[in-house]
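Paired with subunit B in one complex and with subunit C in the other, subunit A is shared by the two complexes that follow.
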Partner chain A sequence: MSASVPSSTARSPLGSFTADAFAAHLASLDGAPAWWLERKRAAYERFAALPLPARTDEAWRFSSLQGLTLDGFHVGTPAEATQADDRIPDLPAALARPDLAFTNNHLSARATTPRPAGVVVSTLTEAAASHPELLKAHFMAQPQKLGSEKFAALHAAFVRDGAFVYVPRGVELAGPIVIHHRVTGPATAIFPHTLVIAEENAKATVIDLFYADARLSLPGTAAALPHFACGANDLYAAHGAQLTYVGAQAWSYETLSLQLNSTVVRRDARVQSLNLHLGGRQSRHESLSQLQAPGALSEMLALTVADGSQEFDQRTLQIHQAPDTKSDLLYKNSLRQTAKTIFSGLIVVDPDAQRTDAYQSNRNLMLSEEAEANSLPGLEIQANDVRCTHGATSSRIDPEQEFYLQARGIPREAADKLLTFGFFEEVLNRLTDDELHAALRALIETQFE
Partner chain B sequence: MSSLVIQDLHVTIGEKPIVKGLSLTINSGEVHAIMGPNGTGKSTLAKVIAGHPDYTVTGGDVLLDGESLLAKEADERARAGVFVAFQYPSEIPGVSIANFLRAAQQARMAEGEELDATAYYKRLYAKMDMLKIDRKFTSRSVNEGFSGGEKKRCEILQMAMLEPKFALMDETDSGLDIDALRIVADGVNTLRGPNLGVLMITHYQRLLNYIVPDFVHVMYDGRIVKSGDKTLALELEAKGYDWVKKELVTA
Partner chain C sequence: MRTTDTLSNELEPVAIENPVAGIDQTKGDFQYDVAYEFDAGTGLTEKTVDYISAVKKEAPWIREFRQNALKVFRAKPMPTHWATKDLENIDFDKIRYYLAQGQKPKRTWDEVPDDIKKTFERLGIPEQERKFLAGVEAQFDSEAAYSNIKDIVAKQGVIFVNSTEGLREHPELFRKFFGKVIPTGDNKFSALNSAVFSGGSFIYVPKGVKVAQPLQAYFRINAENFGQFERTLIIADEGSEVTYMEGCTAPKFSTSTLHSAVVELVALKGAKIQYITVQNWANNVFNLVTKRGVAHEEAEIKWIDCNIGSRLTMKYPGVVLKGRKARGEVISIALANDGQHQDTGAKMIHAADETTSNIVAKSISVGQGRSTYRGVVHIPKHLKGCKNNTECDALLINTNSRTDTYPAITVRGDRNYVQHEASVSKVNEEMIFYMQQRGLTEGQAMSLAVNGFVNDLARQFPMEYSVELKRLIDLEMEGSVG
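== the complex of A and B ==
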């Protein structure tokens, strides 16, 4: 019996990103190096050749494919970015002063923070001129293993600019590097990019904040602006490096968002990444951690506040490619109303990756009867001396805890909010920077106003 | 001057009657103790007055200053001035004591009114000093990983901050060693005064050595069967609960 495949005629495989649109994009790039243009052309060919995800794709199981349309958008232009402002109302101080701010993929503001010699906090276009070898070696260099080959190609084809952070050997940065990615104008498509390279024993914290104009100042009222965001952030931690990365996503509630992360962890290096998901109509986040040498540690954290009819789709892969490596994943989602989440996580242990220590946990707090949390944890272990644990739970507010708070005079709604924040705290507590912790908490608050 | 009046209260869990016609009046400034053997409905009494959803009131009423509490949600009762110190307080991971108490204070303010954080912390620290509680306590998650003594002190701190009209203390002495018991009793004695009515629910007499009650009631099989002054507690201690049971049978 042949399964009936839902008609996908409504979704064209190129959508708004036609050959003409690509040609116009290329024509708008001034002074880009030939190798960069060449890569973009190759990426566009891959994008055009690949089909949109189909119902039969395991990597897209449970995802709403109907909402995954590329039609009706246009590539963001500098003209729309003229009202660029490097500050957003109500943004917590720790996030309010960006080192680099991009509006519709164009640099719109930058701070001149004094940094130790050799530290680079620049744009991709600047890096293409100043550090071409580094960019060639690291830009979109990791494999796409989680289902979004087509979107990765689309990103590489249309990315105009983004952040390039390079921390040389032995340099430890005190404060975080903050990067804003802002989208403005109706039906705008943007391709935010952040590449972080931490060399041997370097130490840094990098924060990406993704937002649409009205999203933070007027929660719930920015719903009218549909956007398309197709971003990538790649992290590279060399021998002994310590990298903390925070990605805070606060797109408009009408945004289709795809964010692709790759993290490479070398010997004795540690990467901690925390992704906060607030905005978007449909948001997919793919995160790949490759533990490539002994002593490598990747801590993968995520918090999702799913509200209304939002869909958050998270796919993760922890690949242990060397012995004595460790990965620790904790993804927590809270779901209200008819929100939907998907977590699909896989731990892969290569045959010689003995003494791997891998942990994966997805916890869902169901705040509504109508919400839907899908969890697909997985293990693929080819070594024999490993410790791997994984688990997924979905639970409701504990009525005894709720009663206890009520018995102190706290109304039920406020009690549930307190308990929900308590649920998030396990993740936020992993951050060592208290100011950052408080800032992310404040950002989550905006979702509850 | 306030009063908490329990009138011929009947309570069931599911189909099972637990409290079977209990009446008791507590006025501001008074300390009452309810004693009784296990399974006699003492804890049910505290929880049902707090508004726990598992219990059903099938008859009678509970009045705070003449107004029935029974139709009110648990949070409304608390804001009206009823505080229950629980025997087994819930652990709330990720919610610090400071944030918890702040939310409880905020809930007592008018809509749109913002809590003065500086004044709040000043008051919190003053109460903690009074109860000899380390300030580091406030950043810990509510009751999470607390010892029995810490949990009870946390309850007393909440009571001190929320300044209820009536405090019902459910087996506050259970699971405490003598030092912890003394600390908790000191706390209650500190808070005792003309504006607070207290009902202590206990199985043992020993708590009453530290918090001396004005009235002692013996609860048995869902109702109060004997009332007296503090000497009743000593008599009970000497003769045991069987004495009450026998008296009931003879009666």
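== the complex of A and C ==
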């Protein structure tokens, strides 16, 4: 942990997000509808009223609370976004052409890809005017159950813009919709948001790429800068919809990141999500899947490459609210140096959700003597006709495999990389899009440079 | 095709012994008039603590220890940020903190007072089995009432006394280990126990001594609002081996009672301790117990724990693996019926290289019963060759039964190996159908299936305990189906 982090006693519940900062933020919003502003005000009140997480909060067990400081940041402004150079880093093909690109929470680029009639790929600001009812119904409409109520309120209060994706009934999109969320400048705070609604029997793939200039090695950019990223995404899959979501996070190594996901899966719908975690000094990811009607399936995947003194904190909740639903979670962490990971997962089966099939697995590959992996795989089952299993393992690889690599003179760093890719392959193979698979591999490679 | 009539006729001669028949279910529901010679009254103050200490004629350091513990108890909050809110229903002012017969432990069965013998009668232990269980040290309320195995083991140099006697007669030994495994401030209830403890066993097994027969104690609660706070300390010196067994049934009372024991085990180099519990508390008992052992080099501590009954049980037997190659094990069976919450689990703290731990927990939830597995496995940095294996299986009998699993596993470093697995299932319908086809009632079939579910663990119990366990499961399963 860097020396600049204030001690816990210095943490203020508002940090840089004071009433004045909020007033300035509101003043900078041009033409936002009244209901939107009203929601933001209510959210700010909730943020200000809620305390920062404390040591005795079960939802924050094992987390480093002293690193959760809100001080020393400023909300990114439009001016900064336009001043930033508009180069897009050298990315693998599947990620290189964003449909929407946001810099410091402002739209900085958009592609004009022809789409089937009725498909909307726009900004939240535009959606507030064009689709207010959809936004009202789905924007952060789900409960926060994983400990970050305060940060969810902060996000809703300060979010300036984000992506809005709407796929109408029966429309199947061939290629993925790619959204970039970029942060630039020192001590910037950003609030990225992506809202995806897949209507009945629609099919789509949406990719969020989160990055800081320095992290993806844009030539000529400064070394790692401290940032604060407080993001959220809402995924909604209506009756029979098929939604694939990929979130790839490559913030700077000095970033404090909180990302809050909500997934709602309706009858016979299927959502596959894969979150890749690479950046951040301290990164927390909360993921809530609600299986609301029979036949719903949520596949929750995550890959984390933790090195240096990074801390990755992942909290998940699979709620089975109806009979005959299925969820399948597989979170894999590769840990090097003094990195720390926390996986806390909970499967909840409501009293009437008979014939639930739920799976939850956390696998930790320990690649150093100092790394620390914490696993809290939980179950709360209130129906009896269920199949629920979970598992957690933490270990180094099989000594025989290790000996094989050593015998061939493969250096430690290269061996770690090989082992990590071998370990991750099972998860990456769940993606049906080969180009996307290759792009994620390329991103993971950057963590070993 | 056969008619239904011939089918039933054919099945008639197949005599299936009803495992539940012949057991009087009101047994265990008794309350007995006892002339309590020492009674500290209800509520907990400094005076209560002084009173207990005075009655027991304790040395000043123990009284100070108790008074300090009372302060810690008062200062500590209820752990409701993670535990059930039901804990808030304990009214500490309505509990009796000390009650004793005031008798010295008896040597022979003949010397045991008739009224106490009568209590054992109601326990349903048959004459034959009573002889078999001749080694039982029966604890009636707070004090040991009967003990004779002591004489046998004394020949080997084993000390097997109640904790009061242990404190009085072996202060050096007692003080050296007492409160070291579970410090007063470990949790609110260990602090409470440290303030008001009475009863429990003190055992010392000398170097190299292997105690052939298990040391046993039956615990009973027998007064309304009477909390029992026994304190057990077992020290197994280098290379020794000992098995300790405790079992409890309790009368049903109208208001809640509290049982809050502290059990500390110390296994020195190469020693082995096995601690077996079969408990069946009444539905109104809060059973909040702290159990932990320290295993030194190449030592082994094994907890075999079976929890049936009580309103709320919170018990997580632990092993601190302090020496190289130490081994810890927890085998746990929990059965929660209507109105019961079994919050049980295990705690494995690895503190030396090449230590191994194993946790196998099976729970059964019947009716609206709730069973919870809560566990901690901790492997700090710079250790190598540590292994943990955890398996939790939950069986849900009825549609409204509930089970939870909350493990916490921390591993540092790349030279250790940890795996955790849990599953939740219900009784296989085909299995029940098969057994019903062969003439068992649904209840009997269910009982057999549940016994099968725990069988691999139950086999690890000594014979008479596994018989008792089977009987208890049969009783609990009665009326759960149909």
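Everything that follows uses one rule, which is that the second predicted complex is superposed on the first by the 418 of 449 C-alpha atoms of A that agree within 3 Å, B and C clash if a C-alpha of one lies under 4 Å from a C-alpha of the other, contacts with A are read in each partner's own complex, and residues count from 1 in each chain.
The definition used in the following text is that a residue touches a chain if its C-beta (ideal position, glycine included) is under 8 Å from a C-beta of that chain, and two chains touch if they have at least 3 such contacts.
Not measured: the values here are computed from a predicted model.
K.L.:
Looking at A:Ala407 after the superposition, I want to know if it touches subunit B, subunit C, both of them or none. Which is it: first, second, both, neither?
P.N.:
Only subunit B is touched by A:Ala407; subunit C is not.
K.L.:
Per the contact definition in the header, classify A:Asn384: touching subunit B only (first), subunit C only (second), both, or neither.
P.N.:
The second partner, subunit C, only.
K.L.:
Residues of subunit A touched: more by subunit B or subunit C?
P.N.:
For subunit A, the partner with the higher number of touched residues is C.
K.L.:
On the A-aligned overlay, A:Phe424 touches which partner chain: subunit B = first, subunit C = second, or both, or neither?
P.N.:
In the superposition, A:Phe424 touches subunit B alone.
K.L.:
Contacts for A:Met366 in the overlay, against subunit B (first) and subunit C (second): which applies, first, second, both or neither?
P.N.:
A:Met366 sits against subunit C, while subunit B stays out of touch.
K.L.:
Could you tell me if A:Gln354 is touching subunit B, subunit C, both of them or neither one (first, second, both, neither)?
P.N.:
second
K.L.:
Contact-wise, after the overlay, does A:Arg39 reach subunit B, subunit C, both or neither (first, second, both, neither)?
P.N.:
Neither subunit B nor subunit C is touched by A:Arg39.
K.L.:
Residues on subunit A in contact with subunit B in one complex and with subunit C in the other?
P.N.:
In subunit A, no position sits in both the subunit B and subunit C interfaces.
K.L.:
Give every residue of subunit B touching subunit A within the complex, in rising order.
P.N.:
Going by the criterion above, the answer is residues 50-53, 73-75, 77-79, 83-84, 86, 89-95, 99-100, 103-104, 106-108, 141, 158, 162.
K.L.:
Given the complex with subunit A, which residues does subunit C contribute to the contact?
P.N.:
The contact residues of subunit C facing subunit A are 81-82, 381-382, 394, 396-426.
K.L.:
Using the touch definition from the top, list the residues of subunit A that touch subunit C in their complex.
P.N.:
Against subunit C, the touching part of subunit A is residues 56-58, 61-62, 351, 354, 364, 366-396.
K.L.:
Touching residues of subunit A toward subunit B in the complex: what are they?
P.N.:
398-401, 403-412, 414-415, 418-419, 421-426, 429
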